[in-house]
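Look at the two complexes coming up: chain A is in both, with chain B in one and chain C in the other.
Presenting the complex of A and B:
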C-alpha cells in the first residue's frame, strides 16, 4: 500500500512537471558567464544585407567596444556576435532596438516579427528610429560616457513612465497592437544622430509597417497633446511669445453618422510660464486677446496636422475606432481610410490659462 | 463529529505499569536500599515520652533546617502516642511497600520509623533548590509580565494558578522515565478544554517507555504525532502568561519537572508566529507586526534560494538596474551562485551555533569576527559578492523575527532544501518546494488536531486572529478549531 501511495505521488509530481512545459535540457544562464545584450542597432547595409551592431560587454564597468556585423538575418547576427566575443551574448534582456530610418521606410514587420516570436525577449522593448549613423555616434561616445547603452534605455524608460509628455515612446507590445489594428497606425520616436549628439526630432509616422514621414517638433507637441500623453510640461507658442506650462488636454471627438464630418473639442488647461510679448497681462482685455491668439494658433496647427495625416493616409489618432458600434458590422480599414481622407473637420479649443499674476477687473 | 468520538473518559494511567513485585517495607529492606549511598543517613532518636524513632533520608535531597523544625524539635519537646502526631506537616503519609518508600526517599521525603508500632511514615521536606524567578530568555517582550518558569514544578504550577484562580483548573500528575523518574503534569480547565485532548495526552504520556527525560522537548518528542517533521507540534514556552492564555482558549499545558519550558498543545502552525505581546499592544500595531513576522519567515526561507534561481536560470526576470549590480558583483567570483550561497549559509550557521555555545564575552568577539572578517573580508578576497552578503544578512535577521526558536532553527533546513531545488530547477524548484512544504504542513497534526487550521480546514471566523489580530472585544468566542466545551469568552451574552 505504501508503494502504491509513493507511485501515485510520483505520477502526480511528474504530471505537474510535464504540464508546466519545463524542458529537461536547460540552457546555461549563469549570469557571470553570459552577457545580456540590452540594445541592438539595425541598419541597411545593402539591398540584401543588414548591418547589426551592439555594445560589449553590456552592463559591466569594463572597456567597451562596438561589434558590427553584416548579416542576412538578425538572429544570424546574434549568433555570430558570440563567435567574436568571449561571453555568450543573450537577448533575454534586450530593451532597445534602434532601427535606421532608411530601413524603417522599407518596412519593420520582418524585423519585429523576430522579437515577437522569441519567447526569451520581453515585449517591453523600446523601438526607436535613428536618422544618421547611430553606430558612428556610439563609437564616438564610448570614450566619453560609460554605459551609454544603459543610459539610452533609462532615458526612454523615464519618458515612457507616467506620461512625461516629451516624446512619443512606444514599446514593442504597443507598436504591435497599433500595427495590427485596422483603425490605427503606429508611430515611433525619431532621433537624429550627429557626431556627438543624439537629438529627439519628432515622431516618425508609419503606414502599416512602413515609415511615411516625420512630424516635426511643433506638430509633435500638438500630437502629444491630442493623442499620446494629453500632457505637455512646457508648450511654446512662438507666434504669441508665450510658453504655457503643465498643459493638460481633454479631447472630445465626435463623428457624424455619415462619417463625413468630424468635430474635435479640446479643453486645454495650463498656466502662463513665460511671456515676452507686448501685451499687459495685468489687463483683462489684453489677457483675453492673448487667449484668442493662442487658440487661433492652436486651431490652425491642429488643422494642419490633421490635414497632413489625411494626406499621408494614416490615422495614428485612432479616430476610426469611433466608427465601431455594438451590433453593427465594422467597416473595413480601406473603407475607413477612404472616408478619413475626405473627412471635413471642425476644431474647437477651449483654453483655460492661469496667468499667475493679478489681473485687473 | 469530533466531539462524538471518545466520549468515555478513560481513567488516567497515572503511573507506569510496574514490572517489579511489590515488597513490604521493612527496616532491613530500607537499610539495604540505602547501602552505598554516601549521603544517606539513618538516625535513631528517642521521643520525649521514650518512644524509639528512626529517621531515614538522603541528605542532599532534604532541607536540613526544616528537618530540625518539623521533626527533630517536635520529637524532643512534645509528647504524643503515635509518631505521625508529632509531625507539623500536613502531608504525612503512611507507607506499606518498599517501592513507595524508595519513591519518597528519592523525592526528598524523610522516612520516620516508629520502632514501637513498626510503622513507616513519609514527611515531605524537599530541598527546594532552584534559581529565582527570572525574565524569559527566549521570548522577551517589552510590555507584559516579566516572570518566567524555573526548574521547580510546584513553583511553575503556582505561577499559572495565580493567573487562573479557578477550581476548574485541573492538574493530573504522571511519572515517566525509569531512571529520571520525571514528574509530568497536565493542566487544563475543566469545562473549557475539550476532554478528548486530555484523554489523548493521558494516553500518549502513559505509553511513554524510556529511561531518562531531562527536558520537556524530550517528552514532546515522544508525544508528537509526526516525529520526522521539522515543524514543532508542541509549543514550548517558559512564559506563564502564555500558558494561562492557552489554557483560557481551550488548550492544555504540560509541565515537566526540572525543566523551565512548558508544552502547549494542540497548536497550529500559525500559533508559532504569535507573541504574547500581540495581545498587549494596540491591534493595528500587533497586526502589522504579525504580518511582518510572516513576511520575514517567507523571506528567510526563500530569499537566498531566489537569488540562486535568478542568477543561475532566470537572468531575463531581473530588472535591468538590479542585473547591472549583480553582474558587477558576480563577474569575478570563483564560485557559482549555488556554491557561493551554500558556503555563506553554512558559515552563517556555524557563526550562529558558535555564538550560542560561547561565553558572553567571547560571543562579542565572535560577532566582530563574523561581521567584519567573514562579511567584509570574503568580499574583498573575492570569495563572495556584496549582494549575497546583504541578502544573507537580511535573511538571517528575518529568521529571528519568528517568536518560536524552534521555527527559527527549522528555517535554516528549509532554506537549504529550497536552495538545492532552486539551483537545479530555478524558480520552478522553489515553487515545487513551497508546494511540498505546504502539503507537509497540511498533513501535520498536533494532538491529532489539524496543524494548518484555520486555513485548512477553513474557519473563516478564526481569521480575525490569524494574519491580523482583531480588537480584543471582537474576539467573543474561543477558536472553533480547538473545539472548546464552552465556546463563548463572555459571561453575559446579549
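Presenting the complex of A and C:
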C-alpha cells in the first residue's frame, strides 16, 4: 500500500509544480532553434558605440548572412541580434574574436574581460586583430566560400596546435596571463583585410592592454624563432637570397647580476631549401661565407628588433621573468621596465645548415 | 509499514574505509577555492607544514580510536563524560554539524550553478541534493558508509587530469618564485588557517565509531589519508600557480574548476560539467553522513537514545538542515567573494573542531584512567 501513497504524493507535488509554472529550467537549447555563433567581430563605430557583427547561421545548410549591430556593450549585441534574427544566438561555441585595430589601440581589457568571466565561453578563444573592414570582407566572400567563419577558426587552430611558427597566435587564456604578469606583454596576430583577401601581416604588440604597433614580417619571423614557437618551417633571408627550411632555434638568454647587460645566444639548425645568389654552394669557402652573411644579417636585425621593443617599453620576450629567483624578493614591474629600457645586449647567432648538396673540400 | 532502522549494526568496516572516508572528508568544498586563499608560491611550504601538524593531530585521534570507548558509540561517550556532559556536547555538536553540512552543500551547489545551470534557482539544487542525501541516508549508516567506495573511486582519478598543467609550455619554474616568504602578512596567516580548516573532517569519524574496526593500523590509515590529501592539495595548488600565475590566481573564483575547463577532449567540450557532476558522489556521501550524525546527535541531545529511530525524527533532522541551508542561502551568503562571513565562520569552526576534538577526547580518557 505504501507505494500508492508515494505515487499519490508525487503526482500531487508534480501537479503543483507544473501548474505554478515553477520549472527550474528556463533556457531552451533546441538545436533547430538556436544559432551557436563561431566568431564576433568588434569594431569602433563612434566614440561611445561598438559595432559588432557575426555570420549566421553557422554550419547549417542554409543561406548565410551577415548581421551587424551598433551597441554600447557587447552582450547587448548578443541580445539584440535575437530581435532581428529568427534563431536565438548562443555563445557556447564561440571560437574567435576579431578586434579592429583602432579599437585595440584604445585597450582590449574591457572587451575581453567579458569573455574571461563568462563560464559558457571556452578560454581557448582565439583573439585576432584586423586592419581594415572585416565585415565587408566577410560579406564579399560569403558567396565564394560559405563556411568562411569555420575555416577561419580551423586556420588559427592549425597553426596553433603544433606551434608551427607561421603566426603568433594566442588564445584568451594565454593573452590574459601575459597581460596580468608583471614581466610579460601580450601580442596578437594582425590580419590585413581587403575586400577580397585576408592577409597575415605580422604580430601586433601590446603595452598592457593597448596595442602599440606591429612587427612586420621579417621581424615577425625572428620573433617566432626567439620567442613564440622556436620553429619556422620556412625562413626567408632575402638579403642573402636564401631560404632556410625547418629551422629550429635554441635560445639562451643570460642576464648579468646587475641587470645591465644581456647576452642572447641563438642556435639555429635547419637546411638550405632554396638559393638564388651567385655563390657556388659546392665550395666550402663560399658556403662558409654564406653562413657568415646570414649570421651578420640576423644579428643586426635582431638587435634592431630588441631596440624597437625597448623603445616601445615592452617586453614580450618575457626576459623579466629571468630576474626572478627562488630566494630573493621579486623586483616590481616599473623597476624592471626602467632596467629593460637601459639594458645593453650582445647577440650571437650560431647557424648549422645542412646544405643538401655535396660540398667539395 | 517497516520500522526505520538507521543505526543498525551488523558489520564493521576496516582501515581501508577509514582511509577513504578521512581522505574524502578532507577534499570537500574548500579544495575548490584553496588557491584563491593561498596566492603566494611559498604557501606550498604552508601546505606541507600544516599537513605535518595534521599528521600529529591524527595521531591523537587514532589514540582515541584505540581506546575501549571509541567503538561503543553513545555508551562510550557516557562512560567518559557522564550523561549530562554528553548531552551538553551534543547540543554544541549540533551547531557544528549543521553549519558544516549547510556550507559544503551551498558551496557545491553554487559551483553547479555557476558552471552548469546559470539560470537555475539555487534553492532547487539544494532541494535536489538534500533529497538524494535523504534517500542515501535512509538506507542506514552501514550502507551509507559503504557508498564511500563508489565515491572514492569515482573521484580519485580526477587528480590525474592535472598532468597537462605540469608540462611546458604551461609550466614554467619562474611561476613558483619566490620560494621562501620574504614578507609575512595577515593574508598568510589566514592562508594557514584555511589549510588547517580544509584538512578538518576526520574528527567526524568519532561519530561513526561503532561501525569501524579500529586496530593498530588505524593510525596508518588516517596518516595515509592525510598524506594523500596533502599531495592532492599540493598538486592542485602548484598546478594553479603554473596555470594562472601568482598574480592572477587571487582574482579568479573556483580556480580549480577553471583549470579543468581549459582541458580539451575530443568527445565532449565542457569537461568541467562532467567533472562537477562526478563530484556529486562525494558531496552526497558527506551530507548523508552528516545528516545521520545530526539525527543521532539530536537524539542524544533530546534524550531519545533508548527509543527506536523514527521516521518523524529523521524527517525533522532533514528538514532542519534543509531550512538552515535555505536560510543561509537566502540571507547570509555572499557567493564568490572573499568577504563571506559564513564561509569565514566555517573556516574557523572547522579549524577549531579539528584542533580541539582529538586532544580533548584524549585528555578526557587519560583523566578517566587516573580517576
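Here is the rule we use: the second predicted complex is superposed on the first by the 336 of 361 C-alpha atoms of A that agree within 3 Å, B and C clash if a C-alpha of one lies under 4 Å from a C-alpha of the other, contacts with A are read in each partner's own complex, and residues count from 1 in each chain.
Heads up, the rule we're going with is that a contact is a pair of C-beta atoms (placed from the backbone, for glycine too) under 8 Å apart; a residue touches a chain by one contact, two chains touch by 3 or more.
Everything numeric here is computed off the predicted structure, so don't read it as measured data.
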A:141 contacts which: chain B (first), chain C (second), both, neither? neither
For A:173, decide between first (touching chain B), second (touching chain C), both and neither. second
In the overlaid three-chain picture, which partner chain does A:182 touch, first (chain B) or second (chain C), both, or neither? second
Let me test your reading of the model: by the given contact rule, A:329 touches which partner, first (chain B), second (chain C), both or neither? second
For A:2, using the defined touch cut-off, is the partner it touches chain B, chain C, both, or neither? Pick first, second, both or neither. second
Regarding the shared-chain residue A:61, is it in contact with chain B (first), chain C (second), both, or neither? first
Applying the document's definition of touch, where does A:31 land relative to chain B and chain C: first, second, both, or neither? first
For A:122, decide between first (touching chain B), second (touching chain C), both and neither. both
Common interface positions of chain A, toward chain B and toward chain C: 26, 120, 122
Interfacial residue positions of chain B with respect to chain A in the complex: 311-316, 318, 320, 323-324, 326-328, 330-331, 333, 336-337, 425-426, 428, 432
Contact footprint of chain C on chain A as seen in their complex: 2, 24-27, 119-120, 122-124, 173, 176-177, 180-182, 321-322, 324-330
Spell out the part of chain C that touches chain A in their complex, as residue ranges. 1, 114-115, 117-121, 124, 172, 174, 176-180, 182, 244-245, 247-248, 251, 258, 261-262, 264, 269
Chain A residues touching chain B in their complex are 16-17, 20, 22, 26, 29-32, 34, 36, 38, 59-61, 90, 92-93, 95, 120, 122, 147, 150, 153
